[in-house]
Amino acid sequence: MDHFPGTWGRPRNDVYGAYDASYLQTTGPKAHTSSPAVTGTSVVGVKFNGGVAIATDNLASYGSLARFSDVKRLRSFGDNAMVGFGGDVSDMQYLDRLLESMDIRENYSAHGNMLNAKNLHTYLAKVFYKRRSEFNPLWNHVLVAGFDGEGEPFLSSADLLGTTFSAPHLATGFGAHLAVPILRRKFPEEMPLAEVTQEAAVEALKECMKVLFYRDARSIDKYSIAVITKDGIDLKEDEQIQGQSWAFAERIKGYGAQVV
Amino acid sequence: MTSIGTGYDLSNSVFSPDGRNFQVEYAVKAVENGGTAVGIRCKDGVVLAVEKIITSKLLKPGANKRIATVDRHVGIVSSGLVPDGRHFVSRARDEASSWRGTYKGPIPTNALANRLGGYVQAYTLYSSVRPFGVTAIVGGWDSEAEVPVDGQVGSGPKSGSGGKVEGAKAGGPGLYMIEPSGLYWGYYGAATGKGRQAAKAELEKLDLTSGNLSLADGVKEAARIIYVAHEDSKDKEFELEMTWISSVDGPTKGRHEEVPKDLLEEAEKAAKRSLEGDDEDEEDKGQGEQMEE
Amino acid sequence: MFRNNYDNDAVTFSPQGRIFQVEYAQEAVKQGSVVVGLVNKTHAVLVGLKRNAEELSSYQKKIIEIDSHMAIAIAGLASDARVLSNFMKQQSLGSKMTYGRPIPLDRIVAQIGDRAQTNTQHYGKRPYGVGLLVAGVDEAGPHLFEFQPSGLTHEMVACAIGARSQMARTYLERNLDKFEDCSRDELIQHGLSALKETLSQDKELTIDNTSVGVVGVTNGKKESFKLYEGQETAALLEVLEQRESAGAEGESMEVDS
């Protein structure tokens, strides 16, 4: 009987040779987070004439396990700014607290001078960049939606490296591959923003969420969607993907029950 | 025993032979000349009000707020040295923020008052600092509803352990007054500053202990009390500033906010009317007709 | 002058609850040459009277730009003002860096107020010996703040601090109603008129001793801070002279009465 629980379940030394513990070394460079733990998948956002629409699903995965199914990954800031979080959920909670305390500070005096979405994005990108420069990144990819200082619709992304990117429609994670092509087809580059209606933007997001649910194994059919206009934020946090059809999956390897 | 000329009043943190700290007492003197401030703890919220003497015509009307917001659910009004009041508020904000850092939720009003009392008291302990020249009234509303933990993203498991007592009442209004010595008490109605005596007399007439006064009436009473307290310095013009914090289902949704302009003006009008009534005949205008005696 | 036991430092209250060291610091402000500030709906203006130590020496700077949306005018110890202005420049730059937003005026004024307060509550420090007028624009429009050594700050419609500033304040109070809706150029002239009131008989405003600073926002469009000094003030002073001579009959009647 081996009385050291630490060695239980390990490959037997007499069969496989001594266990290589070198990766467990206690000396050497200090390491911080090198992978996310509980994660949220895509965030998708679209600008329209008069605001921005943004959506995420309500899932937090632990690896491939669908661990939490009622997670709110769209967080509001003030009266008309919204942040959609992809990536590590605990880092998202940290950022949410950070934004909460910032919101409290901003409201010490009641008149004017609120941070807008653009200010918020600048700040978040700085936080990400600082943390990655300390080799201790916040493992997220976020979309910030709202309005800029001129009152124009604003949509921009920031990731764990502090990289920022802005476009009339954006998606993070799997969405960057699956949703963006759909959005580019619906809202081509030459199409002026004035022609994109709120309804079209919301419809496009719903379509994207459906496609993402079809093809992203870390997604769920419950999602949140927010529409930000000058009137404020209209946030729905318990939406269900409508009109699914899995017929296409019948003859594709990897979907559903497989016979060989 | 008098304080002056003995030498026991020249440094903070020094006791006189009869056990007094004169520097703290002198700090109280600074408060006694400040604009009157009152706080009323009502059944469904808290009102704070302050009399701002207009020292110059060049001041921007309506600016220069003297009641500060701490976190979202607490307000502080102080009387005495205004910059000291700002220092006090800044500390309160730091305390509220650090509480959130630790407990992931808003600081209860009593805990905030306790920490601030400790902070102010520390400024009576050392000869290297002077006491705060302010008396501050801290008003807040602790949420009676379940508040989400900061950073909470889901509702958690629908079944399983809980540990909550069914039907237990939580939260409610809080009102505390902190003096330069660091001493603080909880109050139903608190007053400080120049007109505190008149204000206290008026507060005592309100029967606040029974807990029946509504926030809406509290606003009117607070305005009236500031006007009554101002009677002694009638020659000086003043501005009335008022804020309130209601219950979560009330008008401010548990937040500390300025009393809306129309309500404020209405309360001021009623206050002026009741004062005029006092001067001529004892007109019936709610409680507290007789000014004194 | 007499000393008393309670004025050795800023951490001792007098039996009346006063802090003499702070009050003495306020006196230092009154020794400085005068500066005037005023606002209308769109602009904030600072004007200052510069002093020179002797005929051939240069003039002391009175208006310091903090950022493109804000400036200060100083009266009192210039070196203390430099400490504060450096701090303000840092804070302003910090806000632009982290949020991409010009720092709101009330925010930065509160910060210097808090700094000044610290100096009045801790042994080994002394109060700042300078008063400031902070003028600028932010999302909420144009603002003017007065800062005092006690750490007291006030938002003003118009203000004057420094030597003989009472004369300027009297002018400002008398003309208070005219400021809000007047034009940018008229506001500057009101500032100069107020400044002129403070001059002793043998003095006058010249292009050498006058500074004018303007910052504004019209329909959301920002007009960056502009400092007029030397030759640039010539045109402004000329207008002042014209106004005075033109208004000499009409206006002076009521003023003199």
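Letters A, B and C mark the chains in the order given here, with residues in each chain numbered from 1 onward.
Please note the rule applied: contacts are C-beta pairs under 8 Å (C-beta built on N, C-alpha and C of every residue); 3 or more make two chains touch, one makes a residue touch a chain.
Predicted model only: the values in this text are computed from it and were never measured.
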Key: Nearest-to-centre chain - CA centroid comparison   = B
Note = The pair out of B-C and A-C sharing more C-beta contacts is B-C
Remark   = Here the gap between subunit A and subunit B, centre to centre from mean Cα coordinates and rounded to Å, is 43
Request  = Averaged over CA atoms, how far is the centre of subunit B from the centre of subunit C? Could you give it in whole Å?
outcome  = 33
Inquiry  = Need the CA-centroid distance for the pair subunit A / subunit C, whole Å please.
reply    = 49
Key: Residues within subunit A bordering two or more other chains   = 109
Message = Where in subunit B do residues touch two or more of the other chains?
response = none
Remark   = Touching subunit B in the complex, subunit A uses residues 60, 68, 70-73, 89, 92-94, 96-97, 100-101, 104-105, 107-110
Inquiry  = Which stretch or stretches of subunit B touch subunit C in the complex?
reply    = 3-4, 9-12, 22-23, 26-33, 56-60, 63-64, 81-84, 86-87, 90, 123, 127-131, 133
Query = What residues of subunit B sit close enough to touch subunit A in their complex?
reply = 65, 68-69, 71-72, 93, 96-97, 100, 104, 150-155, 257-258
Query = What does subunit A use to touch subunit C in their complex?
reply = 109, 111-115, 118-120, 122-123, 126, 149-150
Ask   = Considering the complex alone, what residue numbers of subunit C touch subunit A?
value = 97-101, 104, 106-107, 138-141, 220
